[in-house]
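For reference, the structures are reproduced in the following blocks.
Note that subunit A is present in both complexes that follow, paired respectively with subunit B and with subunit C.
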Partner chain A sequence: MYEAVTPRPDGSSTVARFALTAADQGYDGIVVRADADTDCDYDAGAIADRYGVDVVEGCEVRADDRTAAASAVDRLRERHTVVCVRGGTLNRFAVEDPRVDVVTRPMVDGDVNHVLAKAAARNGVRLEFAFDRVLRADGGRRVQALRGLRKLREMVEQYDAPFVVSAGAESHLHLRAPRELLALGDLLGFTHDQVETGLREWGRITERNREVVSDSFIEPGVRRGRYEEDHR
Partner chain B sequence: MKHLPKHVRPRWRYLGVGIESWPDARIDRRAFQRDLWYAAQNLLGDVGSAAIDGTVYGFTFEAGVGDAVVRVRRGEVERARAALACLDRVDGHPVRVTVRGVSGTVRACEESYIHRPLESTDEKRVEFEDSDRTALARGGRVDVRVGDGFAGATDYDC
Partner chain C sequence: MLTAETLPRHELVGLHVRVADSSDPTLVGCEGTVVSETTNTLLLSAGSRSVRVPKAVATFEFRLDAECSEDASEYVVVEGERLVARPARRTERTGDSRWQ
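Moving on, here comes the complex of A and B:
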């Protein structure tokens, strides 16, 4: 299972500290989604080797309007394995662009309705169940977050849209082990399978995107290499 | 007071819990207990909070790391785990609480999951993000003082 993290300078921990903590908690990897405009420099391969977890180079586009977001996605798609777009006002843009992997925090300052859920399903853009405000806020903000998660879950179930789950960690102290997120998900009305699928989905995105940029890939179903064995 | 007959005594489970925070955090058992109850009450309500009955035993915390044994009713372990996940601050200090394991007795829990940190915390000067700073290092973990807070790093970064 994978988890998405926001490192320094936006967050308060380095990629290495996230990797060390995630390894302790039993994750297979972390997806580093630094803000695309900040300078976050790290050697993913070296950190992965040192701490024994996969470190995936990702980014999060935070733009004010769709023109800026579209040009950022254009620029970053080649450079990063996982491209996320901060949702809210950009939900509509993000779910309609198949180059986007994940829409993060779609229910904060925004909404997901049947139109967006269908578009997400059609374009294979994952909607994020962000547990951050359930874990770390209280009172009215938490109630809003719970309401948002519930609506999003209903949309995702109805239209079979792909999704990811994340605790939205901005510090290594925000990371929660997979079992803890599963227990929390149970209370919020998610099934065990849903939360687990959501955490594994980060890994699946990574695997697929790495395959697409590898040299042997030509187009879906077509790859350079030896003939496959016939399994009849 | 007379003990209850064995078959009507409540059955407990003991969670071995690890606690991590920034090195300047001062947390004691009372504060941890109070905030655990608050977290449980906020998440599960009065009924759920009373049902898990989380009581903190054997609490230690020093220089940003610690552990505790939390007693919960048998059958409520998963709800207690969720409540512990939502415990993100104690006395205003951000914390990461993680359940290391579950046992049927306090003793088994302490033997299996409570291990006092082997490494001591050392204060030293490190090169971090192109400047010289003070830091507290423990094992491979390095908490670097940045402004009036800390940045979480490791020996790989400094």
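Moving on, here comes the complex of A and C:
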């Protein structure tokens, strides 16, 4: 199971600190999603070796309009393993572009209707269930977050859209263990299976994208090399 | 130009192919040259034997023979689903985006 994190300078902890906390809590890896424009210097390999968790290089596209977002995705797709797009006004753009992996926080400043859910299912774009406001906000904002999560869950269940789950950690203190997220999901109306699938989905995205950029991959269903080599 | 990238859109008749995997175990290991193609099948011929293989249930391993004399053949593994189409129309399909 993986968790997605936002490190410095957007968040307040470094990637190494996140890795240490995630390892303690029992995660298999972390997906580092920094803002696309900020340059986040970290040595993924060294941190992965030191703390025993997989460190995945991702990014999050935050743009104001479709053209800026499209050019950002173009630029970043080959360089990062996981490409996320901050949802809201860009929900429609993100679910219609198969190069995007995850739409983060789709219910903040935006909405997901049946059209978007079907498009996400068709293009393989995951919708993120963001537990960050449920965990750290209170009052009206939290109520709205709960409402948004419930609507998103109903959409995802009805149209079989792919999804991921994240606590949206911006500091290592925000990270929650898988067990705790499962318990929280229980209270919110998710099944254990759903939350677990959502956490494991990050790992599946990572594995598939690393395979896509490998030399032997040409397009879905076509690869170089002999059959035995690929399936050892 | 026949390369690994253009193979799904290329003319398959005349290429050497082997059925690497299939849900029908009797087809696994069939090897030969493609003699004819239809929307859903490939007709392989090896010597005097001919086998008609449905595309959708098989995974094919094509051999792209090198131009030079040494044995530097390149192999490409293609899932049959990707090839299901009328042969003339198959050359038009660009296929799904890599990131699908």
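Simple rule for what comes next: the second predicted complex is superposed on the first by the 227 of 232 C-alpha atoms of A that agree within 3 Å, B and C clash if a C-alpha of one lies under 4 Å from a C-alpha of the other, contacts with A are read in each partner's own complex, and residues count from 1 in each chain.
Following the convention adopted for this analysis, contacts are C-beta pairs under 8 Å (C-beta built on N, C-alpha and C of every residue); 3 or more make two chains touch, one makes a residue touch a chain.
As the structure is a computational prediction, the values presented were derived from the model and not from experiment.
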### Message
Comparing subunit B against subunit C, which has contacts with more of the residues in subunit A?
### Response
B
### Query
So, A:99: does it touch subunit B (first), subunit C (second), both, or neither?
second
### Task
Pick one for A:89: touches subunit B only (first), subunit C only (second), both, or neither.
neither
### Task
Once the structures are superposed on A, label A:222 by its partner contacts, choosing first (subunit B), second (subunit C), both or neither.
second
### Task
May I ask you to decide whether A:38 touches subunit B, subunit C, both, or neither, giving the answer as first, second, both or neither?
neither
### Task
Based on the superposed arrangement, let me know which partner A:144 touches: subunit B (first), subunit C (second), both, or neither?
neither
### Partner chain in contact with A:124 - subunit B first, subunit C second, else both or neither
second
### Task
Within their complex, state which residues of subunit A touch subunit B.
8, 12-14, 16-17, 20-21, 24-25, 46-47, 50, 134-136, 138, 142, 171-177, 179-181, 183-184, 186-187
### Message
Using the touch definition from the top, list the residues of subunit A that touch subunit C in their complex.
### Response
77, 98-99, 101, 123-124, 209, 212, 217-227, 230
### Query
Residues of subunit C touching subunit A in their complex?
4-5, 7-8, 18, 20-21, 59, 61, 74-79, 81-82, 95-100
### Summary
The answer for subunit B against subunit A in the complex is residues 20-22, 42-44, 78-79, 81-82, 84-86, 88, 94-96, 98-99, 129, 140-141, 149-154, 156-157
